[in-house]
Amino acid sequence: MLIATTLAILVVMIMALVRAFLGPTIYDRILAVNTFGTKTVLLIAVIGFLFGRPDFLDIALVYALINFISVIGVLRYFEYNDEVAAHEYNEKAETQKES
Amino acid sequence: MRHTVSMFVVLSLIWLLNSGFFTGLHLSLGLLSVVLVVWVAYRMDVVDHESAPVHLTLRLPSYYAWLMKELVLSNIDVTKRIWLGKKSISPSMAVLPLSQRTDMGRVIYANSITLTPGTVAIDLNSDTVVVHSLTAGGIEDLRSGEMDRRVSRLEKQK
Amino acid sequence: MDTVVNIVSGACLLLGSFLIFSGGLGLLRFPDFYTRMHAAGITETLATGLILLGLMLLAGWGIVLAKLMMILLFILITSPTASHALAKSAQHGKLAPQLAEPEDQRSR
């Protein structure tokens, strides 16, 4: 069962990466990276059990905290820098709707 | 004073659970770091009812139990809609009133909205909250105000 | 007793895997950023909770259980904060959501 869970988490991580590559806005990418990060925490915890090394949980704990802080940090940076990108995306959506 | 004590107890618990070593050296090092953190927090003047909410301790468990139930129900709903596809969702956005009077209550309310999948609190003011929901039904559920009432009851003093 | 615990933990892990996969699928299928955020929400609440619960049942009493509970607590506290920060930042960046019907009380 642990192997099945590991595989499911890996598949979801690939899905998050696909979303991060597709975008289309910077916020989609940050969301995907955030999802990827929380899945990494789970993956480390499950793999720790799979290989019988519960010490991995410490790494998972630290990773959970780092992931949260990095997402907030990146958002802090883009909150004041990405009005242009979102604006362009909105305009593109408008023209697509009209045509 | 009781805020400082409760912060000390919580930090010591976290340290003990994370360490797993119970020798004299480790325990004294842990005590040293916990005292240091409490002292720094005290100097920064952040030890108050927000960083150590002792007055909520008794009422929190029943609220958490209710929130867990809501969490499971809304998870099932959103999962169903993911498999049904785009046709089944009706994204909507609304400005909802909130009745909490303290910042703590507002934050608990907004975080509970965001924690239940299907609804996300986007903006929070002193008497309104902007909510984006996956379905129109999510907004209606919040508008009926059960979560709002429960959080208001939670923050009530004494 | 042991087999019962193993079966329950296996069921939790399997259900969690299914939910996490659904969340990933929603992340790919939903039409715009705000709706994708809801899909990411289910991978971070119930799915994470179920998988960690399954591991907790395998772990038995001890420091490992305490650490798993701490991980669950951290994720449950940080994930709504991160989602709220994302949504607010997208709103701040003037990213318009696709809505089902024209709304009556738009904030701005």
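Going in written order, the chains are labelled A, B and C, and every chain counts its residues from 1.
Keep in mind that, in the parts below, contacts are C-beta pairs under 8 Å (C-beta built on N, C-alpha and C of every residue); 3 or more make two chains touch, one makes a residue touch a chain.
Keep in mind that this is a model prediction, so the values were computed, not measured.
Enquirer: Tell me which chain's centre, taken as the mean of its C-alpha atoms, is farthest from chain B.
Expert: Centre of mass proxy via C-alpha means gives A as farthest from chain B.
Enquirer: With centres defined from CA atoms, tell me which chain sits nearest the overall protein centre.
Expert: Minimum centroid-to-centroid distance belongs to C.
Enquirer: Which pair wins on C-beta contacts, A-C or B-C?
Expert: Higher contact count goes to A-C.
Enquirer: Using CA atom averages as chain centres, what separation in Å is found between chain A and chain B?
Expert: 22
Enquirer: Using mean CA coordinates as chain centres, what's the chain A-chain C distance in Å?
Expert: Distance between chain centres: 12 Å.
Enquirer: Where the centres are mean C-alpha positions, what is the separation of chain B from chain C, in Å?
Expert: Those two chain centres are 15 Å apart.
Enquirer: Quick one: which residues in chain C touch 2 or more of the other chains?
Expert: 23, 25, 37, 67, 70, 79, 81, 88, 98
Enquirer: Mind pulling the chain B residues that touch 2 or more other chains?
Expert: Residues 18.
Enquirer: Among the residues of chain A, pick out those that touch two or more other chains and give their numbers.
Expert: 58, 61
Enquirer: Which of the residues in chain A end up touching chain C in this complex?
Expert: Going through chain A, the ones touching chain C are 1-2, 4-5, 8-9, 11-12, 15-16, 18-19, 25-28, 30-32, 34-35, 38-39, 41-42, 45-46, 49, 54, 57-58, 60-61, 64-65, 68, 71-72, 75, 78-79, 82-83, 85-87, 89-90, 93.
Enquirer: Report the residues of chain C in contact with chain B in the complex, numbered from low to high.
Expert: Touching chain B from chain C are residues 19, 22-23, 25-26, 29-32, 34-35, 37-39, 41-42, 45-47, 63, 66-67, 70, 76, 79-81, 83-84, 87-88, 91, 97-101, 103, 105-107.
Enquirer: Which positions of chain B touch chain C when the two form their complex?
Expert: 14, 17-18, 20, 71-72, 75, 78-79, 82-83, 85-86, 89-95, 110-111, 114-123, 130, 132, 134, 136
Enquirer: Which residues of chain C touch chain A once you look at their complex with the stated criterion?
Expert: Going by the criterion above, the answer is residues 9-10, 13-14, 16-18, 20-21, 23-25, 27-28, 33, 36-37, 40, 43-44, 48, 51-52, 54-55, 58-59, 64, 67-68, 70-71, 74-75, 78-79, 81-82, 85-86, 88-90, 92-96, 98.
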